[in-house]
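The data blocks that follow each hold one structure.
Look at the two complexes coming up: chain A is in both, with chain B in one and chain C in the other.
Coming up: the complex of A and B.
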């Protein structure tokens, strides 16, 4: 579905001033970090932010507070482009899930759906061996 | 609102004369037909995980009447999901969070993720399953209190039997040598 964007030339180079009223906020919350990506409905990324880029390092990246600041940063960059409505997709087990959702709620963006899209294998690939710590 | 939407969607499949109502997202899946459905639903572990909407009525109904349409709502959205919450704009933040957390716990997403992080051998799997079964049975069977009176009956019965036995030697004296 991304073939159409190539016809318009390299729109990725232009810091596009497109006004997208509706988008999707993806939150990937792993145990060590939280990445918040804002895309349009088709999935093309508009802006992203993560707990690591917000200045937290090490164990503090995985905390819900760091997820809150990451979500806040990501949304601030997008609200200027005029986004009002969004959908939230949360992936992964991690403490950042709640923190990011809280920050998104507080930021004033209207969202209708909150979905959990954690990928679940139907008993597929063999995971790595157990850690013996 | 969610219930009515899904019910009307589901019923529209049964009445082919009515066109299905447009999905909330501008998804290119308007040409759904019964033959071209592939189930994109994840997480087949527990029944609660199969409930795509936060209301259970519509999915129960649809899975009974027409099993292949049970996950029809998932197909309206481009990506499959495990849990979905419909949020009104006026809902307080804490309530949204709590609802989301409850739904996720019911679906068992985080537990499942932790389990799949590392490989577990057959021994661990058996242990885990027996633990889960014990937890489930312990919660569902508080009527096993009827065992207690039985225990009191059995020792008294045994004592009576012993009392009825005759431990004396025969009075005749004609004990064979």
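Coming up: the complex of A and C.
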């Protein structure tokens, strides 16, 4: 394990100078927030941004406009590194799905596939109790 | 004329409750009939607005969950999933808003679809065809006295907002390019900036009217 951590420490210095033409954008859209993470194809995170870090607080984090700004922020940091094509993975319900997708299309990155990777149990853990309205 | 109609209509109360010209002709019988407790028409009770908001939020959660989990709904929205497209989607459907009427009988669901024109039509048509199925599933999941009627409406507000932001970004980019050119001329820095601000206001107004 110690050897592995040393290797990661060294690759951290190399990460900032890397040029990645292809990457993966993960969008986790819950009802109250949206988190946009940009990683490379293997899954190592390059940059991330969320509606909360963009300055929205409270109920405004869940809005699609907040998702658009979060996606814009995350991609701006990556476009400088020369990413042209991306694959988008969407997780969860929420308005962030739509908003972030539109922001990604607006930013000019070509995305080939949109995948939905919401975690689906094959009937595993017991879900929380039903909300009574 | 009014007497003949009263004989034909079995629920007498409903005739009087509807605002029509007959109300002005016969004021006294209506007061008697309105005090009758028996009503054959639907029960109307106005719920607490806080409860209406809670029900709307819960319906939104349930519908979004159904869209994600339920196989039948997914096949209705995206026919390619039936062929085994395995999560490579051509269009993403999101429920952007749910409006419930004050008596919890009618639910308007605003659906936003990301994708091309054909995908939008297919998604909305699929949802509308499964409206009864969705209503029954909602009744099973939620404990409500009367499961409301569900109507699907296409929501274009997200698209419009995205277009507005794109235009604003374009204007900002042009403004920054013009600002870079004008930085060399320092004497005229004030008035060109004022002109540019005024020019920026006009395109914004155009955007608001363009729908």
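Criterion: the second predicted complex is superposed on the first by the 119 of 133 C-alpha atoms of A that agree within 3 Å, B and C clash if a C-alpha of one lies under 4 Å from a C-alpha of the other, contacts with A are read in each partner's own complex, and residues count from 1 in each chain.
Methods note: a contact is a pair of C-beta atoms (placed from the backbone, for glycine too) under 8 Å apart; a residue touches a chain by one contact, two chains touch by 3 or more.
Only a predicted model underlies this, so the values are computations on that prediction, with no experimental measurement involved.
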Note to self: Quick check on the chain A-based superposition: chain B and chain C, clash or fit?
What the structure shows: clash
Check: Touching A:41 in the superposition: chain B (first), chain C (second), both, neither?
Finding: first
Notebook entry, point to check: Should A:115 be classified as contacting the first partner (chain B), the second (chain C), both, or neither?
Noted result: both
Next item on the list: Once the structures are superposed on A, label A:106 by its partner contacts, choosing first (chain B), second (chain C), both or neither.
Entry: both
Notebook entry, point to check: Once the shared chain is lined up, is A:131 touching chain B (first), chain C (second), both, or neither of them?
Noted result: both
Next item on the list: Check whether A:98 is in contact with chain B, with chain C, with both or with neither, and answer first, second, both or neither.
Entry: both
Margin query: Quick one: is A:64 in contact with chain B, with chain C, with both, or with neither? Answer first, second, both or neither.
Written below: second
Check: Following superposition on chain A, which residues of chain A contact chain B and also contact chain C?
Finding: 93, 97-98, 101-102, 106, 113-118, 120, 130-131
Check: What part of chain A is in contact with chain C in the complex they form?
Finding: 31, 64-65, 68, 90, 93-95, 97-99, 101-103, 106, 113-118, 120, 130-133
Next item on the list: Would you pull the chain A residues touching chain B in the complex into a rising list?
Entry: 41, 87, 89, 92-93, 97-98, 101-102, 105-106, 110-122, 126-131
Next item on the list: Please name which positions on chain C make contact with chain A in the complex.
Entry: 51, 54-55, 58, 61, 64-65, 67-69, 87-90, 92, 94-96, 112, 114, 141-144, 158-159, 161-162, 165-166, 169
Check: Which residues of chain B touch chain A in their complex?
Finding: 24-26, 42-44, 77, 79-87, 89, 93, 96-97, 100-101, 103-104, 107, 109-110, 112-114, 116-120
